[in-house]
Structures are given as C-alpha cells and as structure tokens.
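Labels run A, B and C following the written order; every chain starts at residue 1.
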Amino acid sequence: MKRTLTMAITVLLVVAMLVGCGQTGPNVNPSNSATPSTSTNPSGSEKPSANDYWGPEPALEADPTPVAVDELPTTGIGTQISTDIKANSKYKIAIIVKNTTNPFLLKSIAGTQKAAEDMGFECISLSPARQDSLEDQVKIIEDAIQQGVDGIILHPIDSNGIMPAIRKAQEANIPVACIGTPAAQQTFLRSGVDYTATGVLITHAVAEQIGKKGKIIILEGPPAAQNAQERLQGIQTALKDYPEIEVVASQTTNFKRTEGMSVTENLLQKHRDIDAIIACNDESALGAIQALKAEGLDGKVVIGSFDGNEDGSAAIKNGQMHVSYNTDPFGSTYLSAVYIVQYLNDGTMPPKYFVPFPSELQNPLITSDNIDDYINNIAWWH
Amino acid sequence: MNETILTTRGITKEFPGVKALDSVDFDLRSGEVHILVGENGAGKSTLAKVILGAYVPEEGEIYLGNEKVSFKTTRDALSRGIVAVYQEFTLIPYLNVAQNIFFNREPRNKFGLIDHKKMEEDAKSILQSLNCDYINVKLPTKVLSVAEQQMVEIAKALSFNPKIMVFDEPTATLSEREVESLFERIRKLKESGLGIIYVSHRMQEFKHIGERITVLRDGKKIGTVNIDDVNDKELVNMMVGRDISQVYHRSENKFSGEVLRTERLSDKNGKVKDVSITLNKGEIVGIAGLVGAGRTELARLIFGIDPIGGGKLFIKGKEIKDSSPVKIVKEGLGMVCEDRKRQGLALNDSVLWNTMAVSLKSFFPKVLISRKKIFEIATDYVKQLRVATPDVYRACKYLSGGNQQKVVLAKWLSAKTDIMIFDEPTRGIDVGAKMEIYAMMDKLAVEGKSILMISSELPEVIGMSDRIYIMHNGRIAGECKRGELTADEIGSKMLGIGGDTCEC
Amino acid sequence: MNAKVATNNPIIKFIKSIPPVVWITLVLISVFSMSSDRYLQFSNFSNMLVQSVPLMLVAFAQTLIVLTQGTDLSLGAQVSFVTVIWIYLTKAGVPIYISAIVAVLMSMCVGAVNGLIVSKGKIPPFIATLGMQNILNSISLLLTAGASIYIFNPLFHNVTQAKIVGLPLTVWIAALMFLITWVVLYKTKLGAQVFGLGGNQEALTLAGINLIKPSIKIYAFAGLLTGVSGLITTCRLESGQPVVGAGWEFEAVAATLLGGTSLREGKGGIGGTVFGVLLITILKNGLNVSGVPSLYQNAIIGMIILMSIVIDALARRAKS
C-alpha cells in the first residue's frame, strides 16, 4: 500500500514539475511566449532569426512552382552540375543525412563534397549512428551547432520532430536547407524534387504509354514516409485525368526490392491482365520486374518508377522499365550548397523558399529515348 | 521429559508417480534434537517441507501442541514459529548480512524507508547470541565463507523468534571444524528450549547431537528410537532394510592380462612422485591414502588432465605420450569423479543426454542420429543401473546424489569403457545407493572391466579391492593383496609409519 | 583483498563502487578535448547532459530489470508509446497536463502487465517483453498512421529551454529520478526484493514472499521511468514519434553493463549506470564533433563498450 502511495507521489512530483515549468515558462524564456503570434517570415530578405520560424501555425504548404533554369545559380543536373560562385572564406557546411546505406543519401554527401571542392568550403558529413533515428539526428544537429558550423544541409527524418533542432540552428543564425522531406516550418531553403509533381509526371508518362486506359497496380512506399505519401497523392491526382484507367491494387512495398517482388507475385495471382505498374521507387519496381519475369510477363507490362538509380537505369536500357524520374540528390544538394554559400557571402536569399530540383524544367524523365545520355553524362549515381 | 510441541498424524504426500510420504506420524518435543534419517528419496526432506508449509500434504494432520493447524505456505508456518535452515543457501548474494537477516521484514523509519541503522544493530545482537559477532553485518553475504553464510542463515531463522527449527542437511558443505562449531550452537539453541528437527544421512554426525531418531524408508516411517538405544548396524538395517555385512560383496573372479601400467610416473608439481602401478583386466585396485597424499593427482595424471612430468604410462601395452583426456577416452578409459556435479554431469541436461554424451559418436558414426535408438539405449542403462528417475528425460539436477553417480557410470558404460577410474565414487551418497554402486563395481569386474578406485573411506577400499596401493606424500608407500593387511596396518602406512612389508 | 572492510560512509562506498567506466569516460573527454577547441566549453557539456537524459532514464529502468535477472526489451517501445499517447490525447482535446499524467500511467500499466506476465506466467522476461515491444510498437504506429504526430504547444519549448541554476530543467528531472530510483533501490523493501529476485529467487519463495507483487512493482516503476523519459523526449522532439525509442533498450543494456551491473546474480546498481550512459553520450557527441563518419562510429562505440566490459572483468578478476 505504501509503495503504491510512493509511486503516486512520484508521479505527482513529476507532473508538478511539468506544471511548474509551464507556469514559469514565460519568465524563463519571455521572448518566446511574449510574441506567440509572430507568424512566419514570408520569404525573408533578411537573415532569418529564431522567432521568424516559431509560431503556432506550421508552414507546411510551400509554393512548388519551379524556378526558371536561367534563374538558378547553377548549370546542368546530375554529376554535370557546376557553378561560378566561390566561397568568400572557408565556411564549414554540414551535410546531415538519415543513414549511410541508402545510395541516394550517399550521393547527397558526394554532391556537397563536389560543391565544397568547386566553391572552396569545408564539408562535414554527418549521419545518425542508429540508422534513421530521429533522436540521433537531433543530437547530431545539436552537436554540429556546438562545433560551430556555418550552414546545414539536411535530410530530415521527420518534418515535425526535427523542428526543435532546426530552431536551435536558426537561433544560432545557421541557415538550414532541407532536401527531400521538408521541415514542418519554413527554413532557409527547401530543395530536392517536388514529390507530388514527380508522381504526376510519371503517371502521365505511363498513362500515355498504355493508351490512357487499362488496369494498373500501384506499389506504394512506406505508409509513414511523407515523401511516399506525397508521391502517391501525385499519382492519384494525375490518374483523375484518365477515367478509363483502373487501379486494381495499391499496396505498400516499403521501398524495398524484396517486398516489391513478393507483393507483385501475390497480386499477379489475381490480376494477370494488368497493363502497367507504377512503383514509388526504383527498388520496388525492380522487385516487380523480377516477379513479372517469373510469371513470363516481362516486357508485357509498362513500368513507371522514380529515382533513376543504377539498376533502374539498366532496366530502362534493356527495355524492362518504361520510365523513371531523375531525383538527382547530387544536383539538389549541390544547388543547396550554392545558395548557402551565396547567403554566407553577402546575405543573398534564394529566390523562394522551395526550389524544386530537378523540376520538370530540367527534363527529369528517363526513358529509352534519353537513357544513354543519362547513363553516360548525367546520372547522379556515378 | 519435555512437552510435545509438534505432532503429525498420517501425513501422505504424493508426487507424480511417487508416494513421497505414506501416512507418516512424527512428533517433536521442546528442547530436543530429533533426527530424521533415511536414504535419499526416503521422504525425510519432504516431511520437513510439509512441516514447514512448503508442501501441502494430500492427507494427514499437523498439530502444534493440541491445536490442529494447516499450512498452505511457508509464511503460515513462519507465523507459527517454524523456521528452516536449508542445505542450499537462501541468502541474496549482493545484499548485506543485516539485509539478509531481516529480508522483507526490514525495520522502517518514520518516512516508511528502511532504517538501516536499527536493522544492523538488531542483526548484530542476534549474531552475538550465536557467538558470531565476528561477522560484519554490513558485508554482502557473497564475500562470506560458507560457514559464515551458514551462521547468517541460522541468525536469519532466529530473527523470527522460532519455537521449532528445521535443519535440512546443514553440514553438507561444511568442514569438520565448522560442523563442530555448528553443533555447539545447535546444542545451545536446544538448551534454550527450541525443538529442532535435523535432517541428515551422516550417521557419524548426528550421534553427537540428537536425542531421538526417526527413520524413513520409501516414504514410510520405519520407527522412532532413542539414540542411545540403537547401534549403527541396527540403524543401517532400518534405513536400508538389509544387513550391513552384504555391503561389500565380491564375487569370485580371475584376472587376466595387464591393461594399465605406470612406470615411475611423476607430475610437474611434485604431488606425484615415481609412481609405478599396474592394473589387470577384471581387477579392482584400490588406492588408499590421506587427503593430500596425491591420489586424485595421480588419477588426473593418468586421465591426461594434468601433463606428465616424468615416467611412462602404458594403456593396454601401448605407451601414451602427450596424453589428453580426449586421447585417454579413446583408449577406453573413463573417470567417475568426486565432484560429479561440476565435472561428471551436465546437470541441466536430461538423463538421456548425459548417458549418451560420450558414446553418441560411436553409436552414430554418420551425421544423423535416431532418437528412438538413443531412447532405447539410455532406457536400457537406466534399468540396468537402477537409476531412480521417472523417465530418461528428467534433468539430472532433480536426481539424488547416488542416482547422479549412476548416470555418470551409465555414461561411461554406454561408451564401452573398459578401464575406469573411480575417484571417491560414494562420497555424499547414502548407504543404499552406495551398496548399489559396490554391486555395480563387482559386476563390472566380473564382466572383465578394470577399476582403479580412489577412496578416503578405508572400509570401502578394503572391502572392495583385489589389491591395494597405499600412497603417502605422492609416493607408493605399500601394496597388498585382498585380506593381506588389516585396516590398522594400512592406516599406519598411510601415515608413513612402519616398515615396508610388500614390494612396491 | 580488503573486501572485508566495510565502510559506513556512503560517499566512500559510492566512490568504491565506481567501475572503470568512469575512468574510461574521463580519458575519452581528454581525448576529444584535444580534437576540438570548442569541446571543453560549458555549453557543450550542458548539451551532452541534455542529450543523455532520455536514455539515462531508460537505463535506470533497465538496470532495475537487469538486477532482477531480466531484460526489458519493451522499454524503447514504451518511450515511443508515451510520446504518441501524450500527443494523441492532447490532440484529441485532453488538457496537456492530464494527458501527460495519463501517458505515464499507461506506461506504468504496461510495465505492470510485463511484471505480471513474467512472474505469474513464468515467462522469461526476454520473451514477455519482446511480445510487449511488438504490441506497443504496433499500437503507436496505428494511432499515428505510421507517421509522427504533432501539436503546437509552447510547453515543449519551455521545458527544453528552462534552466535552473544554470542547468537545463530536464537535467534536474533526471537527477530527481535518479534520487527516487536510488531511494527505491536502497531504502525500500522493494529494493531489497530486486536484489533478491536477481540473486536468489528461491530465497524469496522460501521466505514466503510471492514473486508476483515485487515483479509487478518493479516493472511498473520501470514504466514510470520510461514514461518520464517519453515526456522529455516528446518535449525535445515536439512531436509524438512512434519509433523514436527503437533500440534504446539495447543501448540501455549496454549502459547498464558498462556501469558494472551484472547480468547474473543481481549485482550492481544505478550509480554506475549514470556513467555508462554518459560514456555512450560523450562518445557519440565526441565522434560527431570530431566529424567521424557514422559507419565508423558504430564500430568505435562497439569496441569501447567491449573494451570497458573486458577491462571491468579483468579488474574484478584481479581483485578476487
């Protein structure tokens, strides 16, 4: 009985502390609570300061319109990307990824390193020791701030969960550029592809190929992943234009080749007469191709996918895959690095918060028509 | 003389397949030590546990004085002043002495937290009453010696202010001197008016301490006698149901051919010096000697556990160089050792796997094994050796000492071992099991196997051996054939006294 | 050698109980301080302390369980669960403080269920808590539809930013929880039973103590610790994260072992665990600050953990 009492008291103590600090909050940090209504800075011509990103309403909606090619400070995409801009001093810029097993993220690091070489800054690459651990990513951002970095290029593991760490960086006046998954609130820059747009573009390409009618399967990404959700949304939006296309199944394969294969195998038992598969990334598409081969259906089904990775490119070259989207991590981190250097040099802000890259203006679709050029000159995975 | 404080009537306790207690009557008076004896499995520990509330009997009644009680848990018995000092220690290794004594009954201060100071003082005063104030109550019990831990156990029991104490084989892990001091304390407790139930099978011991003896056999009470009214022979008869003269029985047997020979064998530590012995087929050779005479070391040397320092070792005429247990086992030797729990058996494994541990390869030289065949072989040995186990799948830790020893034997027999070294084969097992082991040794010899037996119990060596080597200070101090020397003569040789009457 | 000399002074006792992990920690600090001039700044240490808090509380919980000869594999999932429940309930309109209490109570209930399964069901803790881990993970993912969930509330920010006497509030909360755990472990009957469960369960049975109640209490107390850890984690991440605690249970085991608690016999305590956690945090921070790639980091962390445990084992063997 006494023990129960002790425990209850313990809980009360903890709660009391939380309540207490809630009350003392304004005193402890008056600047935050005193101006809770300060909303986000529209597109800021000044250096961002902490409170600009600190408001009750998260700024999730970002204008996805592409920036015209001649307005970009870089030329080319993929490994061909380059710039004339040089760093005024040896800035320390950190590229912080989610893990170091995904080739996409490795090429992000490579893109930043290339930018460091071209422009003359110091690149630090960091990754959570526990793969894809948000908590670890927060820690390494905190550590990077301690280390005194000048800018951060970030692949956030979670939009909302990363915000406290991003705010800390912003309080230290460190610009944060997010690639791929955006932060929940506006940061210095968001780049990488607009996932919704990629979904739309690929769907159109697949629909054209099958004559705007038929049965298709969608292989979704991890249900929790924001980019997978956006991409799926793009696919579904585009499909509204094709009333004669029927989605016979839409299942998750978690971006994995093995799951892509097993899920497709299972679905093929029921739906042998499909015309196309749209897979939310190359890996799951490659799994689907394996399954099709096993069923003797290879070449008879149109495959649309995303990433343009090495194996995906090979599949396009030998005709197993119809189309993929060049998501170019190399180019997008490079571009972000250029914007950060510009800002550090003279305070120049990017033209807008979200600069999709590569966008439809960079001709990002990879098909049999341009596959050789892509593999030989552009591909980010080289 | 003293009043009866505890009585049981018709206690019956059954376990799956065994009637552990069969209508047992028992009574205890205040101020007496009542010994409970019997072979392993006779039910003496079961009876103790029933009295302690650890087991609930199917039938029968327990009375405290004139009041009928029924204990569902040990707590019930505790609350009536019945406490136990167990053979296996119940101390928590990383709590200190005081915490252990007052475990779960810690004195509290006004905040409801443990009052360590008061607890330690109380613990000290209890230890003082046991003349054990040299034990520091703040030490974790882990660092105490076995005897000290035993005292803490007793102090813990006393802290309940008991009327009845049950000692379950308390001396199993104590040295002679420690046993004596334990007895002193038990006498003191007895004088203070406690009733003490003392479970044991060490006859030499309990004669010094008990008033009355109750003998159990196969779950039945054989009788209760005053300790002064009975002699050893009668006691053994009661326990075993057989005459003691049958204990060491040897059949007529002929020896043929030498299977093991050492020539001036020495080890590297000077514990074994220039030992030359022989062992023939079908022969039992005993090695007598005091503790430290080098007997066990000699066995280890022959078995390849310790490296040979000098001399030669021949097995079946073949000289063994760079010996190792693996090599020796291949030559057909097996060892049944004293510390069977650690060296002889995988206690958590079943009888079946222990039996087959060495021989699996010889029965199944190919990759696959047949469970059915293994079961048959193991069951066969269990029957042959009369191992008391419900089935061959029982883990060895649940068997009594004597039965464990039989499983060790089964292990070697199944491996077709023909030379066996027995190192204190009967230590810590009861008379009945001892006799079975002796009978087994005799049978093995008749079957043409050879046995080298090391034992501290002189009657055993004399009774069982065809030939005896007497060791003293690492050397062979004498050799004699069966019946050539008396116990006294051998004893004096063991001590290194007296002339050399036999060839070495 | 002089193991028989016991001392009254709890401070000397504490110093004596300090395992080599402390020295290794100090060596690490000096090594890292050479690699970066920013390392020895107070802000960096404050940063490291703050970072260590969530794992610290989980490691206290794990130490208690390990002392009972168990391993709780559901601790990390409990943390995730609490972050999700807190945000989920608050989002559903429950006042934020009430939902915090409810979240912690739920995690204590989860612990109690663990304790019940382990003791009453006689299921090995490893298996029982593995099952619980999966159940909790799936509940967390179901409640959040797999993603993180988010509300805006200045409380989170205030908790992480608040400072008392120069140290962050969360560090003080960790200190308070240390104190409570210490009292439970060394000053209550329950604490003695923890050592009993780990050292000699037979002893408890023979003493007429049923093993069920203490087990339930211990696991529930572990739930309290993970609950608080979950609240702090939520504040740090300002969101409910269904997978945030994945793997913490093992890091907590590592910290526990580093701190000198043994997987057998119920030997050890939470004093060492504090340093076990600090060691891991300092190591990670140091490797990050000196820019060591994460793929090497894991190997280095693994090696240091092995090394400390081996050194500890050798030191102990030398003593006896």
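Everything that follows uses one rule, which is that a residue touches a chain if its C-beta (ideal position, glycine included) is under 8 Å from a C-beta of that chain, and two chains touch if they have at least 3 such contacts.
Since the model is a prediction, treat every value here as computed from it, not as a measurement.
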{"item": "Greatest separation from chain A - chain, by CA centre", "value": "B"}
{"item": "Central subunit by CA centre of mass proxy", "value": "C"}
{"item": "Distance from chain C to chain A - Cα centre to Cα centre, in angstrom", "value": "33"}
{"item": "Whole-Å gap separating chain B and chain C, where each centre is the average of the chain's CA atoms", "value": "45"}
{"item": "Computed distance of Cα centres, chain B from chain A, in Å", "value": "72"}
{"item": "Residues of chain C engaged with two or more neighbouring chains", "value": "188-189"}
{"item": "Per-residue multi-chain contacts in chain B, two or more chains", "value": "112"}
{"item": "Interface hub residues of chain A, defined as touching at least two other chains", "value": "6"}
{"item": "Chain B-touching residues of chain C, taken from the complex the two chains share", "value": "3-4, 6-8, 183, 186-189, 191-193, 195-196, 198-200, 202-209, 265-268"}
{"item": "Chain C-touching residues of chain A, taken from the complex the two chains share", "value": "3, 6-7, 10-11, 13-15, 17-19, 21-22, 24-25, 28-29, 32-33, 36, 54, 56-58, 99-100, 124-130, 133-136, 138-140, 142-144, 146-148, 158-164, 167, 184, 222-226, 229"}
{"item": "Complex interface listing, chain B residues touching chain C", "value": "53-54, 73-76, 78, 84, 86, 88-96, 99, 103-104, 106, 112-114, 116, 136, 138-139, 142-143"}
{"item": "In the complex, chain C residues that touch chain A", "value": "36, 38, 41, 43-44, 47, 50-51, 54, 97, 100-101, 104-105, 108, 141, 144-150, 152, 154-163, 169, 173, 176-177, 180, 184, 188-190, 217, 220-221, 224, 228, 231, 233, 236-239, 241-242, 244, 246-247, 284-285, 287-289, 291, 293-295, 297-298, 301"}
